[in-house]
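Shared between the two complexes below is chain A, which has chain B as its partner in the first and chain C in the second.
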Partner chain A sequence: MPNKTIPDYVNLHDDHGKLIAEKVPLDGLDPVRNRALMKMLYELKRTVIIDLAKVEKSLRTGEIGGEYCRMPHYAMPDLPLLERVEKVRERIESLVRTSKDDDCKVELLEKGRQVVIKLPRSTMDASADYTAPALVGGSAAVQSIVEEFDISPFKAQACSSAVFGRYPSTIDFKGGAINSPFGVPLRLEHLGYGYRTVTSNVIVSIANRNAMKSAALSGCFEMGYLVNAGNLLGRYKRLYLLGFAYECLNADNLTYDSVKAQGKNGTTGKVICEVMDRAISNNVVRKKETLPSGFTVYEPVDLELWNAYAASGMLAATMVNCGASRCAHSVSSVMLNYNEMLAMETGLPDVEFGRAVGTALLLDFLTHALYGGGEVGLMNANHPNLKTTKLFAMPCVCAATALDAGTLTYPPEKMAGSFSQIFKDVREFRDPIESIAEAALEGGKGSG
Partner chain B sequence: MQMPEKNKRSNQKGERYRPQFCPGKTTVAKNRRNYLNPDYKLKKIRDLTDVDITKLLGFRAVGEVYKSAHPPLDETGEPDCPIRQIVEPTPGAKAGDAIRFIQFTDSIYFAPLMSTMRARLYHWRFRGCDVGALSGRIPLEMRERDLEAVVKQLLETEIFDPAVNAVRAITVHGHSLRLDENGVMFDAKRRTLYSPKDNCVYYIKDQWGRTLDAPINFGRKADEEELKKRTCAYRTDNVDFKEDEGEFLKTINGVYESRVRGGWGRELPAAAKP
Partner chain C sequence: MSDMAKDKKKTPPEYIKALEKVFNETSDEWRTKFYVFGAWRQSKRKREFYEYARKLEKEMGIPRYNPELGIPLGQRKIAPYEISGEGVVVEGEDLHICNNAAIMQMFDDIARTAVMDLTPVHEIMQKRLGKAVTPETLNEVMEVWNHTMGGAAAVQEHMFEINPLLTKDGYVKLFCGDDRLTELLDKRMVVDINRLFPKDKAEQLKKDLGNRIFAVGRIPTIAVRNYGSAMTKRWIATTCLSAFANVYGISGETAINTLVYTLRHRTVLGIGDTIAVRYGRGENSPGGVPFGYICDIVQADRVYPDNPLKYLLDVAEISSIMLDAGWLQQMLSGGLGAPVRVAFLISNEVFDSVVKHMAEWVVEKYGGYGKAPWTVGTIEEVARATANYCQDLYDSSPLVCEMLFGGSLRSRIMAYSAALTGGLASGHPIIGAEAGHLTQMIRKERTGRLGFFAQDQFHMQGHANDWTLLTDQSQIMELRNASYPDYNVVANLTTFPCSIAGAYIARGGAYACNPVIKVAFAENLAGFDFGDVRKTIVKGALREFMPEGERDAVIPPH
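Moving on, here comes the complex of A and B:
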């Protein structure tokens, strides 16, 4: 049972370690009670980018649907799509908008090379899942191009393939021009994993390479998943809410303090000492037994709060080690050895009771070309490996990606650069910790 | 806001938490604690030059500039991130060095250090390290000049014996094989040469198995009795794990009990309690 002597309120600090909200009720961090979190999930869910430059190139060359698909007879070499993007945008908006004052947005990006489509709430409400932006936006783009350039019925199919790629012959939009933050439902590892398909590169791009904000955003999407998949209920609710607060929202400034103390000379091991210092002094853990050799075995006073402390330390260790080398690849090694060293050092349970260490071990293989896999930036939580740890692993992966200085083959700028532009006006993405804290203070009062 | 000062100390005397590393009373446990402890100065038992290290790693010619993965941080500038401001980059990261590695194979026959302890040692002592997770070999990846700086410590001190520890980038097989008649670990690429005359082990090839222009003398190999004192692995024919079993099991039991309790999400029912 949760220890009732420790009240479930947290003090949240921003990415500079500055106190921004005191006594935030833990319950207010539940996405269903937090309007900032709901806004972020909603904004992400309704957004899609169509790469018009890619559509034009496909139609010009006849290379439709990606590699090995060359169909010159479908080519339209003289289609001046990029010259008339504004008109195409207007047509898309007229198709997508449901009423004059709805919240639909259709905007051009990258000097008209891309168009970002944000569906209105009514369309999202009517949809069964999160694929509406890709399908509605994609269809609107196809029809707009066909109409704008008065394309014949014999070649119109090429426009569809240029936008949607090989879909529906493939299960995703292979070779198409649809750039969605989400993966397609048919690639989900389990039901309810939609929010987990957002890759580390997309998250880091939205956070503009700010490590702490990357971790916070990653945590938000994981929380969305926890709600969706029925994990934020009953006996596990406090575990994940505390973990979210301490690991992703810098509660009690634990993460920032640990990183600051060890930023110059620290190592993974020394971050463990920082966390233990705070855990002992705040009575989160206590001495259980001193063994004949003088080794002290500790035990958690509040198991869930201890898990949150340990998770915060795992992120801090990632920031110290990956930050020192300005290289993302070591995140798996940090997660693995942090947890192992912590358990053997104290007798306390590791992050998420063994799940984080297991995830880290396989992640080490996958990101170091032992069993194939991929790069840290390409990872998402909808992965056979990273799915194993709910909430706690992905923020570390995102923070590591954010701290990389250029060792990645597929960096965020290359893979998901546009996402840094499309959410810059949304305050919840710009200042996630502040927004969530404010909303929690409003929403959490008296909610139990 | 900084936490109140009292929160930063583990007890009222103002003492910091002191790392314990591992339980146990035997010499093996003590060795583990010494090797892992970043405040313990590893005993130096041989001298290697910077040139020797560069040649052994085999990534660049002696005197050649470090290859870079990206321009120096001073030139590119860094994104506006508070964490980057408080975490100092290593010299290699500052310069934008490429990531390089050294890989060790450690014999099960009383090697001073083995894979699991190496991973922990690296993470206790080094910044910016990336350690592989394997049983018979263990790579350490770092920015190139950072790697060269720590490799000296790994090769010159008591944690390395040239007969039972080996530097092998490829063809690592040998850690679980019986030692040869001279007490040297098997190496399919024959990177080392044992000289009975002076009881010394020479590296005649680099870690990739490419012949060196001049052998590197790693000094005398330790005899078995000495290795038995330096090793941090339990073995029935040396320090038996049973001697420390009680303490280890108490520690591990605590971890596992809490794991089960955490996974269950409530106090365990009476039937599930040990």
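Moving on, here comes the complex of A and C:
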């Protein structure tokens, strides 16, 4: 059962170390009780980008479906899609909007080369899963293009294939123009993993490369997964709420302080020392015994809170190391080294009781070996490796990606650049920690 | 009976001669005898099987094959099949997928093929790893890759390796649209587009491929048989990486991981797409191959450029084997029925004669291929002409109906020939497919039914689906596959490749859908001959085809 010796309230600090909310009730950080978190999850879930420039190119050349398919009999060489993109946008909006005052948004991006579609709440409420934006938005785009340009029935399905690619013959939109933050449901590793399909590149792009905000957003989506998967319940709830607060929301300024203190000359070991100092002084851990060799064994006073401290330190160590090299690739080594050193030097449990170190070890292999995997920015928590750590690994991966200064072949700007534009007007994405803190103070009931 | 059918009866056409031969009855005979054929004993193959099974029962101690246990339907003549244009008579059993080594190899050869676009990989080698990529290094990569393709190690000599005799059919070759570049490569490992294709087609292909360098790989048959078709892309990517690691001296680091990610996930092109879990197959299975790819896998247009009908017939045949007989009836249904779908399109001159007639009709009606307007009127004209011709054929010849037993096969001949005709007339596959569907409506009005329920469902929905923009039913024909929403459990899938193939021939050019796939199947060092589908199947039926993937090298002499 949860240890109740320490009250379940946290003080949250922003990414500049400034105290922004005191005595935030832990229960208020549960997505189902926090309107800011709900807003972020909702905004992400209802959004899709359609690459109109790609649609135009496909339809002009007959290169439809990707992988060098080329069928000139579908080509419409003079199709002025980008020239009349505002009219297409208006048509899309008229199809997608359910009432004149709903929250639907259809906006052009990149000088009209892309259109972002945010479905209204009623459509999302009526849909069974998170594929509605891609399908509704894609369908609206197809119909709008066909109608705007009065495309012949003999070429109309080419518009559909230009937008949806190989779908529905295959399970996703391969070769098409749909750009969704989510992977398709048929590629989920397990049930409830929808939010885990968001890649590090997308998260970092939304956070505009701010490392702490990237970690925060990553944590938000992991929390969405935990709710969806039935893992934010009962005996596990406090573990993950505390972990979210400390690792992702800079509770007690622990992450910020460690990075600030160690950023210039620090090492992973020194970050561990920082964390241990705070944990000892705050009575989160205590000495258990001193062995004849002189080695001191510690034990947690509050296991879940200790885990949160340790997770916060893991993020700090990532930021110190990946920040120093401005290179994301070492995040796996940092996580591995951090957890092993922590456990070996203190006798305390490492982050999530072996899960983080296991993930780190395999991540090291899969991001460095010839057996496949992919770069850090391409990773998501739906990956066979990262899925095994709940909540705690992805924030580090995202922070590392954010701190990378150009060593990635598949960086956020190349893979998910448009996502940096589409949530600019949503305060919850701009200032996730502040927004979540405010919402928690408003709505949290406290865990008693 | 129409005048056309009467004319046909005056001079017996080839299909009547062939049918009279295999059924041993005249075409004028409208009645036949029942229960006099000896049931299964009339088949030489079934008698052989019966004898084998009795021996097996003694050896194994459990019941084996025994046709006596079947429900007797002995009124039918079990006729052999004369392969159209080949002058060879084979038994039906010899055309069953599992009895025909050539057909099995055809499935394996598609499943074991993937193509790698090496251009992005070379960019990573140069930009991330600072390596100089030259024709010399590429030749060296290809040498090592052909070594690793057989399951050999390129980096560590103490790895356990595969006996090269088991994997001798695994290989990789390069192709490129730029002759200047191709000239610098080791000829042994180049697919020579200029040599393999007629000049005009070669020029078109090279133009569309540009200066990108592709590698077509065929993993060993034994690998795909052991590990399944989803193995292909992985095997090719990993063996490629080993070759790069060996030649450029790279080992574990983030850049190599980026390289392998690129190889495995971004630049490797499979033949069959991923399909829904419920069908139980991975990538590169027949259920995921786009119909347009099937048309590019067939190579008769390259080998016999002056005989477009041969190409059309080969596309129909390979589609019928892959989609109807193999995918739907064997892999999805569980192995019952349908081997006849290998036989009926290539036998007794029936389908050949229909296609030939309809091709002539196109020229007569529209003045050549690809001249018909893209209108609903064209669809109606093609459908009506094909339906009338086929129905006359069925009405005028009991032997044709006996060969195309049940409504199912008659429905197919009509739908497929209409699809070919519509494509051939207009150059647009939707006209072919729509004509195929409409023939079935016409036939239903004439006879009150089609084949069996699955065929009815598919053609009934066809018109609604072909013109729709509904998200899960609105894909161009070339990209659809057997896992397309309306096609998961239905027959007559061959309609679509036929319509695409007809349209391609009408338009001209060098490929139906994808130049990379066209070149990738232009050469097959060991395996099925996609340049002559029918002849290769006959070889299999006559037990003259030597398949790959045998285990002789590691089992006792037998």
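As a convention for this text, the second predicted complex is superposed on the first by the 442 of 448 C-alpha atoms of A that agree within 3 Å, B and C clash if a C-alpha of one lies under 4 Å from a C-alpha of the other, contacts with A are read in each partner's own complex, and residues count from 1 in each chain.
FYI, a contact is a pair of C-beta atoms (placed from the backbone, for glycine too) under 8 Å apart; a residue touches a chain by one contact, two chains touch by 3 or more.
Model, not experiment: these values are computed from the prediction.
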Should the superposition on chain A be reported as showing a clash between chain B and chain C, or a fit?
-> fit
Who does A:211 touch here: chain B (first), chain C (second), both, or neither?
-> first
For A:297, is the partner it touches chain B (first), chain C (second), both, or none of the two (neither)?
-> first
Kindly classify A:325 by the partners it touches after superposition: chain B alone (first), chain C alone (second), both, or neither?
-> first
Have a look at where A:77 lands relative to chain B and chain C in the superposition and call it first, second, both or neither.
-> neither
Of the two partners chain B and chain C, more of chain A gets touched by chain B
After lining up the shared chain so the two structures overlap, which partner does A:157 touch, if you call chain B first and chain C second: first, second, both or neither?
-> second
Is A:368 in contact with chain B, with chain C, with both, or with neither (first, second, both, neither)?
-> both
Just chain B (first), just chain C (second), both, or neither: which does A:267 touch?
-> first
Which partner does A:410 reach: the first (chain B), the second (chain C), both, or neither?
-> second
Does chain B (first) or chain C (second) touch A:19, or do both, or does neither?
-> first
Upon superposition of the two complexes, what minimum C-alpha distance (Å) separates chain B from chain C?
-> 6
Once the complexes are superposed, what residues of chain A are shared between the chain B interface and the chain C interface?
-> 329, 368, 370, 407
If you look only at chain C, which of its residues touch chain A in the complex?
-> 124, 128, 208-209, 234, 237-238, 241-242, 245, 251-254, 256-262, 264-265, 269, 273-277, 288, 290, 292, 374, 427-428, 430-431, 466-476, 478-481, 483-485, 503, 507, 509, 512-516
Which positions of chain B touch chain A when the two form their complex?
-> 1-3, 6-11, 16-25, 29, 36, 38, 69-71, 73, 76, 78-84, 86-90, 92-93, 96, 99, 119-120, 122-134, 141-143, 146, 246-247, 250-252, 254-255, 258-267
Chain A residues within the chain B interface of the complex | 1, 11, 13, 15-19, 208-212, 234-236, 239, 252-253, 256-257, 259-260, 263-270, 272-273, 276-278, 280-282, 288-289, 291-293, 295-300, 303-304, 307, 319-327, 329-330, 332-334, 336-338, 340-341, 343-350, 352-354, 361, 364-365, 368, 370, 399, 402-403, 405-407
Chain A to chain C touching residues, read off their complex | 64-65, 67-74, 135, 138-139, 142-143, 146, 152-154, 156-161, 164, 166-172, 174, 186, 329, 366-375, 378, 407, 409-410
